[in-house]
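Order of writing sets the chain letters: A, B and C. Residues in each chain are counted from 1.
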Amino acid sequence: MTQLHADDLTLAYERRVVAEDLSVEIPDESFTVIVGPNACGKSTLLRALARLLRPRDGTVYLDGAPISALPPKRLARRLGLLPQSPLTPEGITVADLVARGRYPHQGLLRQWSREDETAVADALAAVGVADLADRVVDELSGGQRQRVWLALVLAQETGVMLLDEPTTYLDIAHQIEVLDLCARLHEEGRTLVAVLHDLNHACRYATHLIAMRGGEVLAAGPPAEIVTADLVERVFGLPCRVVPCPETATPMVVPADRRRARALTADTL
Amino acid sequence: MLPLASRRPEPPAGADGARGAGALRSGRRARLGWIALLTVLLLLTVVASLAIGAEHVAFGRVLPGVFSPDPGSRDELIVHELRLPRTLLGVAVGAALGLAGAVMQALTRNPLAEPGLLGVNGGAALAVVVVIGTVRADDALVYVWAAFVGAAGAAALVYAIGARGRGGASPARLVLAGAAVNAVFSALTAGLMLLSPRSFNGFRFWQVGSLGGREMSILPRVLPFVLAGTVLALLLARPLNALAMGDEAGRALGSRPGRTRALGAVAVVVLCGSATAAAGPIAFLGLAVPFIVRTLAGPDQRLVLPYSLLLAPVLLLGADIVGRVVTPGELETGIVTAFLGAPLFAVMVRRGRTRDL
Amino acid sequence: MRVMRAGAVSLRWEPRTAAVCGTLALVAAGAAVLVVGSGEFPISPPDVVRAVVGQGDRATEFIVTTLRLPRALTGLLAGLALGLSGAIFQSVSRNPLGSPDLIGFTTGSATGALLQILVFGGGAVAITVSSVAGAVLTALAVYAVAYRRGSGVQGVRLVLIGVAAAAMLEALNSYLITRAELREAYEAAFWLTGSLNGRDWSQAVPLAIALAVLVPAALALARPLGMGELGDDAARALGVPVQRTRALLTVAGVGLVAAATAAAGPVPFVALAAPQLARRLTRRPGAQLLPAALTGAALLVPADLISLHLPVAMPVGVVTGVLGGVYLAWLLSTTGRKGTA
């Protein structure tokens, strides 16, 4: 059994059931990426892994214990989450925001230990925003802001980090910047689980891919082993070719040219 | 920072160019259907308002009472002298408040915006208390003009404060400026009111909005203002639609947000000032009516404004009728609107899709 | 930021925040001394202090401790309570307009008191009890209506429902005022404006007891409350029991509003303005509970002092409304930064 896994989850919002009998394993020290079409339940699964959503049935285990049994702070010292749209308190500085990541390590009499100080400084340095420490977060660019939020999760010093669409609303250069950063955090020995929209990014950065559709896992494994034209068609309903990426040799999904296909059909008529 | 104000703007439904001509035509038919329905509803309410009251009036006496009252008939005189002016006042005040609320919510992009929030009620009330305290308190027409001036002054002040500073007159700033001005005015009002039991006595009745017990010569005085404000507001439907998409998108579509806001504020002041002057502060109508209309008709101001115009008097007269019959001694209209409006509003908030919040 | 460490214990504090708090406390206490000194028989500040610590002559001591000190203390404590509850509600609803004055709690408290004054004709204790009951019932109703399974009580919905409740209760208050005898109605209107006139120990003592329980409870939850400003998801991922924190703080906040209103009437604007002022004074983001509480006291007591020195008797609510409103208007017109308002 791996460190983080979920058994037979039934996930549901008020009336709508999103997934039934869903089981996943997150390989230890992997960079796991969950992909799938909109509303396939991938963000819901991530929320269940982070205990933001209580499964109607089934259990999520962390280090062999059900996460629902852990006290909130203890869970937060082992598992961090970057939500899809966190709120930035108005007028807060970068250093103050990142310092809030230390909450699970603090208490009434332990408000700012030396470890807190080091963790925040390290996190700021790790994402490359140490020189922005005294700036107000509202004034930063989208990419910088996302890095600051990553630093917050990093300062939490957890072995597992869950990231819900960390690249949304960023331009391509900032997307790559954030993903490179994630890859580095993974290489340093953390387990990362991310929901990503871009399939090519997922193939390029993931060591383990989980492909979902309609609340079910259709395939799981290293991208090079599982990503085929057939799988993409089954998951996304998109006809495509899968070719090796010229840069990284990971699988690259190239959508089929429907316009040309249409033109050909028209010619034959 | 004000989640209320940053409600994501919806593209107006009517501006959807992708829809086919057939869909547009049926949309127009639906629109005419709604207008017809609301008009019929309004007429029915007017008839009910003429026929129902604390005094029993034979139904057959209502129409003659309106058009050619027989001086010998008590019923017909009641209809002509008491209920007809009161009903007309209700139509004018209701229409003005409903429309003003709709314009204000569009201007501030805030579903919470209310005539009271822009300081109009506060300004009107302060002016009336000043008049009650200083001038001869018997002449009701003096109150009217005082309320009008106070309302306009307050709104201008709110706009001036809200529009200063780098951000300009953003929705959040306007609402907060309104809250600030209102607080000052209502504190001053309370202070003046408490100076003497005499001024307090005059004001405690005025400060509960009501269609009954008003000087009926008020109606012809405020009617021109209500009409002018109505025309101005209806002309603003299109620019307000553009404003709903945010200042920048609106500007990109060729609208002029600054001008729309200024004209909209003028319309609001004229409408609210007249209504408050005529009937005192009436709670909730300006808040609830546009809210109800938007859940029925969507965000297109070309629908919201006329529907609000028609629906608001229906509700106001309905509240007035309820107030006439529910207790022996008539409940003031403003109290009834609050008691009927608030629960309805709460239900809608609970059901509401997030876009309305 | 400064840190004090000793072994495993580490405490952090902001020098600016500490200085602001100290100054605010001095302002409030100083104004309270002047309030005690004001009246038909003026007493100098040193004499006031001597009388309070039991070193003055008997006549002065009687005037101070029996007649005037309860009023000053009630103002001080009500200010603390209003400022603190305003900060709590504005943070919980994530909305500067989510203050208890606007979402009906204060109005409900006033309705309870009005019913007692005008309909049942109860005395001071009965007024206190029914005013607290009014606030609590209003809060319960607003929360029950705003609660929805799955999402719980969401900020915007809470504010909207609260505004509706406030409008309804205001209409009820007006109704009560118009139906009453002029003299009684006049008295009730005085109370409705928020007034510290004629407060004695029977108001000050219950308020002090309520604060002794609720203030430490609220301050202990300040840190998780601040975390909630990152959004529910982020806060919960950091180990904050979001719903529980919110529920406990709401109970504390309602209790504070109820206690303050029962003692001083629905003093306007302190709960709305104090948290905003505290944030600007400390220049810290998010809810500043202790500074907001002290700002509340530093607003209310000086306002009472002003009301005592006006040429005509004015309830303190008139002064807080004017001062607070003018200050907020000034703030809005000078601070141009988008969103700071």
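Convention: a residue touches a chain if its C-beta (ideal position, glycine included) is under 8 Å from a C-beta of that chain, and two chains touch if they have at least 3 such contacts.
In this text, all values refer to a predicted model and were calculated from it rather than measured experimentally.
Novice: Which chain, with its centre taken as the mean C-alpha position, is closest to the global C-alpha centre?
Specialist: C
Novice: Among the chain pairs here, which one is joined by the most contacts?
Specialist: Chains B-C share more contact pairs than any other pair.
Novice: Determine the centre-to-centre distance between subunit B and subunit C, using the mean Cα coordinates as centres, and give it in whole Å.
Specialist: That gives a centre separation of 33 Å.
Novice: Which whole number of Å gives the spacing of the CA centres of subunit A and subunit B?
Specialist: About 50 Å, centre to centre.
Novice: Cα centroid separation between subunit A and subunit C, in whole Å?
Specialist: Subunit A and subunit C have C-alpha centres separated by 44 Å.
Novice: Pull out every residue in subunit B that's touching 2 or more other chains.
Specialist: 1
Novice: When you check subunit C against every other chain, which residues touch at least two of them?
Specialist: Within subunit C, the residues that touch at least two other chains are 94, 339-340.
Novice: Give me the residues of subunit A that touch two or more other chains.
Specialist: Only 90 qualify.
Novice: Using the touch rule from the top, collect the residues of subunit B that touch subunit C in their complex.
Specialist: Against subunit C, the touching part of subunit B is residues 1-4, 111-112, 161-162, 164-167, 170, 172-173, 175-177, 179-188, 190-191, 193-195, 197, 200-201, 204-205, 207-208, 283-284, 287, 331-332, 334-335, 337-339, 341-343, 345-346, 349-350, 357.
Novice: What part of subunit C is in contact with subunit A in the complex they form?
Specialist: Contacts found on subunit C: 1, 3, 5, 8-12, 94, 149-150, 220, 223, 226-227, 229-231, 233-234, 236-241, 283, 285-286, 339-340.
Novice: Applying the document's contact rule, which stretches of subunit C touch subunit B when the two form their complex?
Specialist: Residues in contact with subunit B: 94-97, 102, 145-146, 148, 155-157, 159-161, 163-165, 167-168, 170-172, 174-175, 177-178, 182-183, 185-186, 189-190, 192-193, 268-269, 272, 312, 314-315, 317-322, 324-326, 328-329, 332-341.
Novice: For a test of understanding, state which residues of subunit A touch subunit C in their complex under the given definition.
Specialist: Subunit A reaches subunit C through residues 13-14, 47, 50-52, 71-77, 79-92, 96, 100-101, 103-104, 106, 108-114, 116-117, 138, 152, 156, 162.
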